[in-house]
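First chain written, first letter: the chains are A, B, C and D, and each begins at residue 1.
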Amino acid sequence: MNTFGTLFKVSIFGESHGNSIGVMMDGVPAGIKLSEEDFLDDLDKRKPKALGTTPRKESDYPHIISGVFNGYTTGSAIVVTFENNNVNDKDYSNLVTQPRPGHSDYTASVKYKGFNDYRGGGPFSGRLTLGFVVAGVVAKKILKNINITSELVSIHGNTNKNEFEEEVYKAMENRDSVGGTIRVTAHNVEKGLGEPYFNSVESCVSHIMFSIPAVKGVSFGVGFSGEKLYGSEYNDLIIDEEGTTRTNNNGGINGGITNGNDIICNVFIKPTPSISHPQETFDFKKNEISTLEIIGRHDSCIALRAKVVVESALAIALADLYLIEKAYK
Amino acid sequence: MNTFGTLFKVSIFGESHGNSIGVMMDGVPAGIKLSEEDFLDDLDKRKPKALGTTPRKESDYPHIISGVFNGYTTGSAIVVTFENNNVNDKDYSNLVTQPRPGHSDYTASVKYKGFNDYRGGGPFSGRLTLGFVVAGVVAKKILKNINITSELVSIHGNTNKNEFEEEVYKAMENRDSVGGTIRVTAHNVEKGLGEPYFNSVESCVSHIMFSIPAVKGVSFGVGFSGEKLYGSEYNDLIIDEEGTTRTNNNGGINGGITNGNDIICNVFIKPTPSISHPQETFDFKKNEISTLEIIGRHDSCIALRAKVVVESALAIALADLYLIEKAYK
Amino acid sequence: MNTFGTLFKVSIFGESHGNSIGVMMDGVPAGIKLSEEDFLDDLDKRKPKALGTTPRKESDYPHIISGVFNGYTTGSAIVVTFENNNVNDKDYSNLVTQPRPGHSDYTASVKYKGFNDYRGGGPFSGRLTLGFVVAGVVAKKILKNINITSELVSIHGNTNKNEFEEEVYKAMENRDSVGGTIRVTAHNVEKGLGEPYFNSVESCVSHIMFSIPAVKGVSFGVGFSGEKLYGSEYNDLIIDEEGTTRTNNNGGINGGITNGNDIICNVFIKPTPSISHPQETFDFKKNEISTLEIIGRHDSCIALRAKVVVESALAIALADLYLIEKAYK
Amino acid sequence: MNTFGTLFKVSIFGESHGNSIGVMMDGVPAGIKLSEEDFLDDLDKRKPKALGTTPRKESDYPHIISGVFNGYTTGSAIVVTFENNNVNDKDYSNLVTQPRPGHSDYTASVKYKGFNDYRGGGPFSGRLTLGFVVAGVVAKKILKNINITSELVSIHGNTNKNEFEEEVYKAMENRDSVGGTIRVTAHNVEKGLGEPYFNSVESCVSHIMFSIPAVKGVSFGVGFSGEKLYGSEYNDLIIDEEGTTRTNNNGGINGGITNGNDIICNVFIKPTPSISHPQETFDFKKNEISTLEIIGRHDSCIALRAKVVVESALAIALADLYLIEKAYK
């Protein structure tokens, strides 16, 4: 169940403190130039370096272990792995005793009957988004002409970009965290991708966006704020024979199908639940509510690092729809 | 590509003005009591009767044509059809000449190279949501204990329920339309449904929600407005050994897995694009922008009728996750 | 679980004595000329008329209820139904009391806990192969250049075609039945269809062949008799730059991928289990072994009628592989 | 497209001379005891040691890189890899110039436009069956009570086991190869696995059997030789209230569903195409037919080593059907 896609199939695997984590990509056409170096730029964007991100050193290198030969994709499944080198041996059993609120500690323990690898969040670790980034690089190569960009449009409900740093700083000071919203846009999109109902562009894109840990809201075009518009304002009037629209409130999608205008998707990343701020939550050993202080350095705003992950997710969904459409054309 | 689900598989089919529309449900366990009458209550909720909905007469009756024997499901695929009786013979070719903005008229024509059944929106017609409602009834029978309710939380950006009628009335007067947001809740949910990443509850639920025509935003728990909270406020503290949380900002889902609290999902329905208000949009025959007035009576606020559809969609997604979890337990 | 295919998806539904049986085809490209009349020739080939087939009158007519508009496919799901008109009201409960050996009566009753529609075999009825034939017609239109033929190569182990009639006649006389083997061939096949391992041509073709009731063996090229050859005899030597091979022992497939030579598939149809010959089998009501005589006229050799079904199955599998390959090219 | 299964999903990856080959298993329930040592016995059975198998040293060790924690499965995807250590640097470009008859050299080159990794057969190498064996071990743990055995029933068309060695020896002497047939049996099988049509036991089992390189025929029960029987002889009479049958000509499956008797499946493995015997086949560089002598030691009868692979394939298919049935019960 950890696979996304019909023709471009992406599966991620691994646990934060296991041997390796990685990604399998199946259905990549043969003959695409690809090397390990091709992943480095996007992987770098995901690294914690900005204000409010974990200052921990990560020296992750992507190992292509199959599917590439002489610098080109072979048509076989591509597997890329990252070793979990900097894994410490500290005791994580407290995550079972007193599950961190807002995290998967409790649900994973119930679902997997206590057999889950709880160390560092196990398979739920944000570390597994390395796989999204790698698959995103390949997806963008499949898409060729489509260009994907993103911007952080708000942090802690504040849309003034000049105050973003301050918002994060305030959260850090309180050993707390803030969420944010990323707007991701696909430019130069082919018309006709997606299908009505269960393969609508919105269905497929939201599916993968909500697979990114901490995403709690997805909307297209003007999103929820479009509710304030009358139909006559919301409707995107077509202004030329190419189907260009005057506005793009629908985010480039009508009836689940791309209309050739930019695809616009808004993704809400919740405030990271890992905070060192004390929290009064249940302790299953003591069988009572007790104060939890999560020790260690944490991202105060994961939305800052999530941009490239969200871009990758959009690329993956579109690459799959692109291949499907190619089959039917 | 018009199928949703892994074990409880739902496919919808048909075009608004073709012979019939309907739904196929595969993977329904044998031995569930089911009759055509069981669908009528929910189908009735979808009927246009409130202020701002189409006053057109619909006398749709669900015909079970397979999968039920002696009043019980047989374990074989269940197919339910609705005849398209009240289909008029008027000329719809204007939808090709001057595609309605905000509708699928243009994208469908491009994607299907002009072969699509454009009459009344063809397969994109809201009429096909009859299939969601039918499948929702079956899904709720599979789920047994889970109870699903919904409420309209805002119309035209207004959250004051006393003013909903007024908002719709104003739109009607202007031959315009308004959108709204539905909050749908699943009560008494089993813990452990869903999986990290590509089978997360949010991924599966959003997938089917965005398959409903006119849905443009989906969020869970407090949704996008949760951005205003600090992590320390957003985190749902666990307060007892059953995993009950003090707040439910995460909407009952952590790490993609249900935590036993209510699943809360917010669904934004855009203002219906069908308005008789004049619109300046491209005419592909005249090859110029020209005024379009869509004739006929239209829903001014489809959000009013969409509640049961949204509830059905949540039921379908959960029924599938429920069967999957049963396999692994 | 009653769906075959990745891009050309075929689902069959219905029970022999229910309201209707039928087939849904999803993923049919828009713009293919298609009418109900197009199905009649192949449906006719499946009708019982030769020696040894049921003389019962079947006046089945295929109703297209969605997916076709103005004589062309629309790109939406195509559903075709057949009404179950000549359903008699006789009591079939004996199939539960004393399940027919070699039939699904017993396994269906166990699997579906007695809720299955047992009348006339319910969903297991050979009648559902009408859906294969309908989907086969559409598949052949998708395939365009590929031409599919078949021949009965043996009956009751006898490969002398002149004696086929006699073999069937002998079985009829004894109120018994005989099996046979059909060799189905796809001519003019594109190179490069299929993939190694789980999407090999052999995997996909055998999957659908074994979905046809009564099929108990599938082989490719020379089949099991190829065991008598040495590798030096079995290997198909390539004789020109087009990849033409001198022999075709591999049945046109190497490494799971078509090599441009004819695809040859051998399908063994077991002797139909419905015989009026007395059989000593368990009676679950009496709780003892007891003589069963199945009343009514039966096919003595269903292999005679199965040719068009087997051809259709090959067409369906190849149409799916053809669309997949188109995506990756 | 290299994934098998609905709930127990198996994907294999890698190329013979790339970095690693391996297998991903998704949908393994949490809490199953599993270690790398558990794979060794079955991996050993696949090793070349008998007469007629490659005497090459293989020291393959299975590395679990995810999905196991503290000796138990975690519920997350399990990935097992094998390093390709003994890869030589010899020039394999002759496989492109003069593709080996009966091999995938030619079809792979056409399909992947020359980008395939042709060294040692690349992804088509029998080496990838290591993944089947690993997944088979896990499948057998999921199945618990089901026990799977196999025997070689014929070599080179000879069913006299005493002469098997001689048959292989003769082939070896002529630098040639022979094929064989393996009968694989699942004992103690639960009733009710599988479904009519596209999820029939025969469909699923044959699908994965034909995914094993060199398999060219699959049948159930008495197989093709059952053609010689009349229906009255072929039908398996039920002899007790447990559904035990007197004969098992149907191989434990009726209507695509297990009936509780042994599942019997016959798998024909063609003579390995890799022979050093000279072959007159096309040379694409010289553009003429030319003698090919494949240098090196080869298996003279891969059927000898394939037993454990065939057993594993049956286990994988049954484990998937078992989990599916568990969901519906």
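Heads up, the rule we're going with is that a contact is a pair of C-beta atoms (placed from the backbone, for glycine too) under 8 Å apart; a residue touches a chain by one contact, two chains touch by 3 or more.
Only a predicted model underlies this, so the values are computations on that prediction, with no experimental measurement involved.
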{"item": "Of B-D and B-C, whichever chain pair has more C-beta contact pairs", "value": "B-C"}
{"item": "Most widely separated chain from subunit A, with each centre as the mean of CA atoms", "value": "C"}
{"item": "Rounded Å distance between subunit A and subunit B, as computed from the means of their C-alpha atoms", "value": "25"}
{"item": "Mean-CA-position distance for subunit C and subunit B (Å)", "value": "37"}
{"item": "Geometric centre distance via CA averages, subunit D-subunit B, whole Å", "value": "45"}
{"item": "Set of subunit D residues in contact with two or more other chains", "value": "1-3, 6, 12, 27, 30, 75-76, 111, 123, 196, 324"}
{"item": "Chain contact graph, described as a line, ring, star, complete graph or other shape", "value": "complete"}
{"item": "Of all residues in subunit D, those that touch subunit A in their complex", "value": "1-3, 9, 11-15, 18-22, 24, 26-27, 30-31, 63-70, 72-77, 79, 81, 111-113, 115-117, 119, 122-123"}
{"item": "Footprint of subunit B on subunit D - complex, ascending", "value": "6-7, 27, 29-30, 75-76, 196, 323-324, 326-329"}
{"item": "Subunit A residues touching subunit B - in the complex, by the definition given at the top", "value": "1-4, 6, 10-12, 99, 101-104, 106-108, 110-111, 123-124, 128, 154-157, 171, 174, 176-181, 191-192, 195-200, 202-204, 206-211, 213, 215-232, 234-241, 243, 245, 249-251, 253-260, 266, 268, 270-275, 277, 279-282, 284, 287, 289, 324-325"}
